[in-house]
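In the two complexes below, chain A is the common chain; its partner is chain B in one and chain C in the other.
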Partner chain A sequence: MTLLQAFVTLPVLLPMLGAAASVIVSPRASLQRVIGVVTLALVCVVAGVLLVSADSYGPVVAQLGGWPAPMGIVLVADRMSALLLLISTLVTLAVLVYAIDQRISDYGRETASTTFHPIFLLLSTGVSLAYLTGDLFTLFVAFEIMLASSYVLITRRTSASRIRSGMTYVIVSLMSSLLFLTAVGMVYAATGSVNLADLAGRVGMLPEGLKTVLALLLVVVFGIKAAIVPLHFWLPDSYPNAPAPVTALFAGLLTKVGIYALLRTQTLVFPQDHPSTLLLVIAAVTMVVGALGAVAQDDLNRLLSFLLVSHIGFMLFGLAVYTPSGIAGTALYIVHHITVQATLFLVSGLITRRTGTVSIAQMGGLAQTAPHLAVLFAIPAITLAGLPPTSGFVAKLALLRAGAGATPAAEIVAAFVVLASLLTLYAVARVWVRVFWGTPKEPLVDNDPNDELVVGTARSARGMYVGASSLIVVSIVIALFAGPLSAIASRAGDDLQTREAYRSAVLGPDTAPGGPGPVPVAAVPQGPAAAGGGAAIGAMTADDAEGTTSR
Partner chain B sequence: MTTPSEAPPGPPGDADPPGPGDTPWSRWDQPSGRWMLPGACPDSRERTLVLEAAARLLFPTVLVFSVYLLFEGHYGPGGGFSGGLVAGLAFVLRHIAGGDDNILVSRFGIRPPVLAGTGLVIAVLTGLAPVLWGEPVLASTKWHISFGSFGYLDVVSSLLLDVGVYLLIIGVVLDLLRSLGSGIARDAREAGETAPRPDTGGGR
Partner chain C sequence: MNITINLSMALVLAVLYSVGFYLLMQRSLMRILIGIVVLGHGANLLLQLAGGAPARAPVLDAVPPQEISDPLPQALALTAIVITFALTTYLLALGYRSWVLVGHDEVQDDVEDRRIAARRGPDGAMEEGTAEETEAAPEDTADSHELEEGRR
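== the complex of A and B ==
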């Protein structure tokens, strides 16, 4: 069992080790590529093992350094985190294959970089840690690893416009990190714990107002990361300017990690038994604003970025319903959307290399000149719109069924899901008509050959097609195995809703709660008092808590 | 431990040959006296003798202090991170006093990224090692070494993790010095600018 527990740490430690090795061998480009691909492939295997194990025997928990749960740091792989870890790593691997070949065709086979491969693997470390961690502060650390790596990736090989868009991204991300740290501090001051499983019992005893403030603060923090609509403004400005593999990675993973964190904290720490009106409204607004924004764009990458925002709303909808089927729908939708959105950005990169522009108006006739590209674009586009045989249909159906059974408000928002799907279909159909039909146009010349956005060349190496097509294969496999996948997702949804499996796995079976929480109210001030700082605040809040309970 | 300015100028790092415009290896430290830091800096008005002498005295002292912090870290204030930062500051002092490019890098014949990578590898492997003994990841153990009447020494296995962090931090600081300190000076020179004007003091 210890070996399996050690397995939980591998998705975090392996990419870190790979990053270090990649730095050491940095003059040798081919060795770096081998290290990157092998590391991520190993993490895929580990994630698969974790998923099977978590599905059969319950969550796998690693207590780092042997320190038991509320004190020490725990890594937890339950069904939800193992599933998302597996699909995220698969996508990361495919994007790496694409990126390697793009770098070979742009800079030559011998060109190594001390930054690209190590930072790429470090980003993967952060993503894995964010999925696996069992406490709020480690989640903050994971976000920081992830964001610090993304700052480097988005501003590498700089040009003025890249720096400008990178600055937006960096400032917004730093701002949200600041809020996140504040939120962690407030949660600790109020409860004396940052362990998520422990918080599940303790937060329930806080006064209603304080609980709402903490929950909303975390919603804002993760909302910025996930680009939920009033907080989405940075995304269409920053993502499209990065190179295609980097954009694909960010679009596929970073926003989904935000949604995952929202899902985890909202279900585990701030559970509700009825649909949240606030989240439902935000979800509907996100879906519609994103889709309408996409329809208005001429820049292909900006269009895809707005579609990304729109589809974040779909995932939020499943969460907002707060039923096991809703959460299961969100899980399915994340799995589907990670693959398909990454594919679309990769294909957009291929299109840009072919046409020399990102402007839809200046493209045309690609179906004749580049039939492979047409197929590569059509399949993920149809999947994103959610037409029946695809994984998008499976995921949307799960969401709609979850919404249909819930309250009238949820049913209204379910109608918005259909509306946003139609708008998505319109947006991608518009791209299809403008870019792939019509008269073929000559590719534009590359106006700045030094930046990483190499345009105007028809050269696209085979590996780039392999990377993009393997993601399409993944999404087809998702559609083919929709039955088993839905079953796992619905079991994951049950887990998250009941919270029993997670809590007893982390804190031990004897502390599993029957009611609102195992910790008596009087025990709350002991946490911060024992931990030293914040004792006064903790005691004060606990007094409040006692006051409310006695009332 | 030899102080770096007495060490022979080893062969240039194989992966990092001196770029165009660097002083040849045969006479890179010629103009300076034994007590002064090597002056690759062509303009004597750019040199600050007091600072150079101070750096010469402080550099080994600060390095020893950083190692003390590294070992002290398990029980007292210190540890790999602060030790590494203090050691990094010693190099920053040398850079400010002695100036110009590639000095820090070439003395060691080792590239800063390699230093950082090695540190991270040591740290991660130390974290994974307890699994071999059936312990959880990141578990640590303690060896008690007694020296009779001289006292005893507690060696904790997590010291190895701290050594990794120490190397990682030094590597990062050196890399920052290379890219933000001497790298900018080199870029300026390659762009055709002459030595920094005395009144600005830039590029030192």
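== the complex of A and C ==
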């Protein structure tokens, strides 16, 4: 195992070891903070190295325990996973800074409870593993690590309302996990493999009906995790009840990991060469239902949660088009949206600390009383709505261009993208008018100081502002470096669509003929050419598959 | 694909999945918990069956490779069992906590659903509620829920 291959394991190992160390030093809260921040900063560096290396030299693959690919577990960092890993870790780090300061100002420097940091790092472990794994069952394990940590985070310091929302969240997630397990079982029964790169060849030989069943089952599983309408009902009910940093982390990362898993499995295992009507319709419905839901809300956090659901539809749209440019648009949109949605929830936390309420109707005149909050809210809000020259505009433009070149159905859904963007703009403008304009209102006193949700004082520590504003800086940087970023995203889109780079990196060059590294956009097989390539791969692995399944 | 599946096992799977999903749709967290346990058993059994018909233990040097059963689904099922077990325990703790805090372990409706239900007047017409009313709505329904409990 070379040094670079060892690097692929670090984003998983570092937070996990950090969590263990954090438990060991748990009586000393300050040491826990140092461990948390240092670990995540290191993972950021590692993710940056992986991104550069994957972009220049192709996917980095680590075969765990030395077992070769289809048998053992592999970790793969290609452009897509390294890019998402980097941005996710950056957001996690900023949220941690915010959370640390909130906890210091709320509970005092040394009395903060000791479960937060280990669980937070474990969540990061799960997210990293989900991005890096090249194996369907390890993806299940990654989801479980991530979700189990999120169960603890969402029900910490339990109050009656948090128990209620936590129950919904845990039950829905557990059910989707069991469906995932069922899907893994069925995929294994049908193909005799759980390695994604190996499955890419084997699933192509299955009868059409069986393939559809497996693909749909995985869409449902990841659809629940990603909160795609009509599987979104749990999200606006459970997220707003958690404390601001936890909500920001969940909104930024958990749903995006679902979208990433969907993206990875649908492109690698169930490839298509034409837009999927089902996904296009679901994407349009998700965008509109989410945005309309947001318009109807009075609770600031619920409003943001509905906007989150709406924008999941945008990412789904890029995937549904099934072209390299569509996938590149999705990648850009995920990068943009992780940052901006987390920022908005962090700022919402700052606002509720100031006003003592989450009800928009009971706020007012914050632009006069807290102008810095107005700036902190305005930038991510405009970015989310996608006005130029923000990162939201860059990402939406990429999606619209992908949609415009595709089929008429895709062009109709592209119109929905514009509609949902307008509704988003309306929703955030409504927040702006109600919360920041008008006559200033007295802050409400917190009725339940224990619930960690609404503190209702102007008491906000500097670190909370640092956390929120550093994310704003990240989103501005994304907008500034839109050119290189789109270039990486479009190369990542090509990788996912052609599949050869990933397959040959995981299975070795012999197993995937016709894949001489990254294929330029012009050479992407379309229509009959793609079908021919699939058949070639099918014929090539046919003997192999028979050998495993005929016991 | 020449995987043959035992009919009795397929029936057991069907029963486990339907019982599991039926219990998931109940109100009480205890029933949901049992539903998740049953569903988990179903999923683990499915993983086992995915490995094909039972054969000899997969010990490399003791048994000829043609006669051993596929060890991978067994490893997967073991992992899955551990995970389901841990999460079941967590759900049990959550149910206990709910019992302590709220006095029952029923999974309640979405706040939004209750708010909309509370807005609906006696004749079924929608009434425009003020912010204060809608804020108070969840408590109202919680009270009426406890009243119901009392009547039983």
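Quick note on the criterion: the second predicted complex is superposed on the first by the 509 of 551 C-alpha atoms of A that agree within 3 Å, B and C clash if a C-alpha of one lies under 4 Å from a C-alpha of the other, contacts with A are read in each partner's own complex, and residues count from 1 in each chain.
By our rule, a contact is a pair of C-beta atoms (placed from the backbone, for glycine too) under 8 Å apart; a residue touches a chain by one contact, two chains touch by 3 or more.
Since the structure is predicted, the reported quantities are computational estimates derived from the model, not experimental observations.
Per the definitions stated earlier, placing chain B and chain C onto a shared chain A by superposition produces no clash, and the two fit side by side.
Residue contacts after overlaying the shared chain place A:288 against neither chain B nor chain C. By the touch criterion defined above, A:151 reaches chain C but does not reach chain B.
Of the two partner chains placed around the shared chain by superposition, chain B is the only one that A:21 touches, whereas chain C remains out of contact.
With both structures placed on the common chain, the touch criterion links A:236 to chain C but leaves chain B unconnected. Legend: residue contacts after superposition of the two complexes on their common chain; A:114 is shown touching chain B, with no touch to chain C. In the superposed pair of complexes, A:66 makes contact with chain B only, with no contact to chain C. More residues of chain A lie in contact with C than with the other chain of the pair chain B and chain C. Of all C-alpha pairs spanning chain B and chain C in the superposed arrangement, the closest lie 8 Å apart. By the touch criterion stated above, chain B contacts chain A in their complex at residues 15, 113-114, 116-121, 124-125, 127-128, 131, 134-140.
Put simply, chain A touches chain B in their complex at residues 2-3, 5-6, 9, 13, 16-17, 19-24, 26-27, 62-66, 114, 118. Listing the residues of chain A that touch chain C in their complex gives 137, 140-141, 144, 148, 151-152, 155, 158-160, 163-164, 166-168, 170-171, 174-175, 177-178, 181-182, 184-186, 188-190, 194, 206, 233, 236-237, 298, 302, 359, 361-362, 549-551. For chain C in complex with chain A, the touching residues are 1-3, 20, 24, 29, 32, 36, 39-40, 42-44, 46-47, 49-53, 55, 69-70, 72-73, 76, 79-80, 83-84, 86-87, 90-91, 94, 97-98, 101-102, 107-108, 110-112, 131, 134-135.
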